[in-house]
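We just call them A, B and C in the order they show up, numbering each chain from 1.
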Amino acid sequence: MQFTAKQIASFINADIEGDENTIVTGFNNIEAAKEGDLSFLSNPKYEDFLYASKASLVIANKSLVLKKKITASLLRVDDAYAAFATLLKIYQDLQTDNLNGIEEYAHVAATAKIGEKVYVGSFAYVSENVTIGKGSKIYPQAFIGANVKIGENAIIYPGAKIYKDCIVGNNTIIHSGAVIGADGFGFAPNPDGTYQKIPQIGNVIIEDNVEIGANTTIDRATLNSTIIRKGVKIDNLVQIAHNVELGENTAIAAQAGISGSTKVGRNVMIAGQAGIVGHINIADGTIITAQSGLSKSTKPKQIFSGSPAIEHHQNNRSIIVYKRLPELEKKIQELERLVKELSKQ
Amino acid sequence: MQFTAKQIASFINADIEGDENTIVTGFNNIEAAKEGDLSFLSNPKYEDFLYASKASLVIANKSLVLKKKITASLLRVDDAYAAFATLLKIYQDLQTDNLNGIEEYAHVAATAKIGEKVYVGSFAYVSENVTIGKGSKIYPQAFIGANVKIGENAIIYPGAKIYKDCIVGNNTIIHSGAVIGADGFGFAPNPDGTYQKIPQIGNVIIEDNVEIGANTTIDRATLNSTIIRKGVKIDNLVQIAHNVELGENTAIAAQAGISGSTKVGRNVMIAGQAGIVGHINIADGTIITAQSGLSKSTKPKQIFSGSPAIEHHQNNRSIIVYKRLPELEKKIQELERLVKELSKQ
Amino acid sequence: MQFTAKQIASFINADIEGDENTIVTGFNNIEAAKEGDLSFLSNPKYEDFLYASKASLVIANKSLVLKKKITASLLRVDDAYAAFATLLKIYQDLQTDNLNGIEEYAHVAATAKIGEKVYVGSFAYVSENVTIGKGSKIYPQAFIGANVKIGENAIIYPGAKIYKDCIVGNNTIIHSGAVIGADGFGFAPNPDGTYQKIPQIGNVIIEDNVEIGANTTIDRATLNSTIIRKGVKIDNLVQIAHNVELGENTAIAAQAGISGSTKVGRNVMIAGQAGIVGHINIADGTIITAQSGLSKSTKPKQIFSGSPAIEHHQNNRSIIVYKRLPELEKKIQELERLVKELSKQ
């Protein structure tokens, strides 16, 4: 990449302070930026890095008052962090803008409906009756099962697999290795100890603006739908079981798992490696900390920790005592000795 | 789909109560069923839903005595749940019956032996000396390594990977992204802190009627075999390390992990995110609850919880006290104060 | 395979004790070896198996003094285990030596630079400006994104995915389903509860002699690089978040996870299902036991256990008391009763 300060200012509607012809060729953090880098200063605690930085161009808040001289040119905006993120997005989109059309060795069924400016990479498999909305990108080696509907401007990264009948919303991103719509884990025990498989004939519905991490698995419903509401963000290696529903803007960190038929509210935050049992309701705004195991329904905006999970502040207090358990036991033994002695008197 | 009550009755050997020409076009739960839906009633606690249901056709137990009038036609069978599952299976099989033959852009080595009615999808890679039994379906983008033997009527979903020399039984299902036979995690430390890789030249043997979830990994043995006995059911994102053996009909929920050389008995149940150390024996019928960490061999039919895992009822009692630890500590402090006072008297 | 004792002795520079024309056709453990098998004896605790073994040929340490007669021929070396591993490696390399050249239906961009003796399997996708060093093997269905650099003698197993701009060192092995360089989990909350995606434009740098397990995910950095130093060994289903750095020869067992920007030192050992929070420093030689949750930076060579993790020996002592908590509570109740009685006197 190569841009002038003036060009960048036009992308993010910034005021230039310094040389508008400053050229930048890369992005970097303020603490690591080299000459030729574009950086940003948002959090005041990094301000000292600005004065020492070799960055050629820095996006800063209009409210920032410089305390020392700097070598960088500045681009002043209302929100430096948001402006920097916007720039990265523009840069990224530029790089993939040319992806368009169906590459050689892609399989696209005759009955599939492919919108304008859709990219289908080599070795991608688009099954019968699939619909793909305009501007969506199906990278190489992705699998799109029969009857799947994909909205506009969605990105399906290399090797992501979407089983038949599932629905993917607009602007949704599915990373490599994610598996959407595999069979839920449903078996009925037979008297002889074997299991009968309960066919899983539902689907997965993923709404708009969702992001699903690499190698995450979201199982199809037994009947009806597993539902991922709009704005949900899911990290890598997460397990979402059959018939789960995730409310809008809920965020789930890596390696967490949610068991079958649990209904998760809006803006819930589930940290890494946490687990949630099946058939419960997680209220809006609930926070579940890392490695917790939640087995009961929650009320709004509660925080849970531990396995089994209890209220966070209560767990914190128990943890402190847990660490002192050996001393506590000694105190009890000493008390027993003293009381025995007193009883003899 | 579109079926009449009469057609469906013939599939599951049911007695029709009501209009044999009732037409159904979908499956649904009794509580959510709409007109045109086929549903079932098995668990008596859902009986009230039957009287309010708009389902057109309901499979019910012969033993059910109606307490109110219903609008649906009934199909009477001995076991409504099993009959419903059977129907779903028939419906599902109908949908994939036409998958047959080798699609364009599939790679099938000249030395591979492919049975009758086998499907090999586009971009699937079938290596040298592979054997695939009749009726098996190898979906697009699956990888079947050299010398792999796959039984009859097995299903290998899109993008599943089976490394060389592994064996897969009849009727076994392997979901997308599962990796069978990657190298076990075996390294010998060198004096300089680096590691020497121990080549893993064994294989994985998966017997009949096994199901393996999406993105689950089962490592090949160092020597000999990692063995998954018949009827085992494994959920998504599970890790089975090298040289593990899983006994018949053992079930493992999502994100659980079993370390190397551990031998698991029959009909063991391992819940989500549980972990088991290497080189131990898990007896038949052991139950390991979610997020537990089992580090010792077990006796038959015991239940384990916690990390490290102890007997379930013992752990439950400790959990209750754990939550009260802060109060316990206060009681001890109060006792210390009182005893000190008493001692002064 | 079929080799004579003499041939094998020449591979590992061994002294033959017995018949140099002994023929072996397979490898096996000393306790399970059959006639025709080559085995080894390294750990003295398995010595009794040697005397009962039907193995035709056994690699043993020069220092071993036989206590009974054996039927096997012996190959004497300084380190039997290392010699056996070397043999397995030679055997394995022989099997893949013929993999060479670009198979039909592989996609190799015109701008890609492919070294000598490189194998690119069918349905592999090698993007623009990729460099692949000599002797590397890109198995079928692997994805190599734009500008990726792969060193010499690297192995990328079927279906592994490497996003654009990443770097993979010499002799590095990446197993099936691993995803290198997917977007880090970075989102900025908007006032309305939705999230703005922070584009992730950094990369992943994997140095030499690294092994990465099946379905493991290593996210690209937001800016700059997620770094995996030389000699690191990572098992299956592990999550490495954006901007993490792993020091040389660090080993991570299955299903462990490391959150964003954490810096892990050299020769650290992280056991299965352990989790580490973001933005901390793990010192050289730290050991983190299975299922632990580490939330604080460490000093060299400490061992941590528990969730939240504390020092291992401290946690062990607390665990012992934890199991006795119900009895402890009873003792306190009894003390309260006794003290109350004493107070009345």
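Assume contacts are C-beta pairs under 8 Å (C-beta built on N, C-alpha and C of every residue); 3 or more make two chains touch, one makes a residue touch a chain.
What you see is a predicted model; the values in this text were computed from it and never measured.
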| item | value |
| --- | --- |
| Graph class of chain-chain contacts, one of line, ring, star, complete, other | complete |
| Shared interface numbering between chain B and chain A [over half = same, under half = different] | different |
| Cα superposition angle of chain A on its copy chain C, in degrees to the nearest 5 | 120 |
| Between chain B and chain A, distance of the C-alpha-averaged centres to the nearest whole Å | 26 |
| Residue list for chain A, restricted to those that touch at least two other chains | 105, 123, 141, 159, 177, 215, 237, 255, 273, 291, 307, 322, 324-325, 328, 332, 335, 339, 342 |
| Complex interface listing, chain C residues touching chain B | 27-29, 32, 81-82, 85, 88-89, 91-92, 103-105, 121-123, 139-141, 157-159, 173, 175-177, 209, 211, 213-215, 231, 233, 235-237, 248-249, 251, 253-255, 266-267, 272-273, 290-291, 307, 319, 322-326, 328-329, 332, 335-336, 339, 342-343 |
| Complex contact set, residues of chain C against chain A | 105, 107, 123, 125, 141, 143, 145, 159, 161, 163, 177, 179, 182-183, 185, 187-188, 193-199, 201, 215, 217, 219, 223-224, 237, 239, 241, 255, 257, 259, 273, 275, 277, 291, 293, 307-308, 310, 314, 317-318, 320-322, 324-325, 328, 331-332, 335, 338-339, 342 |
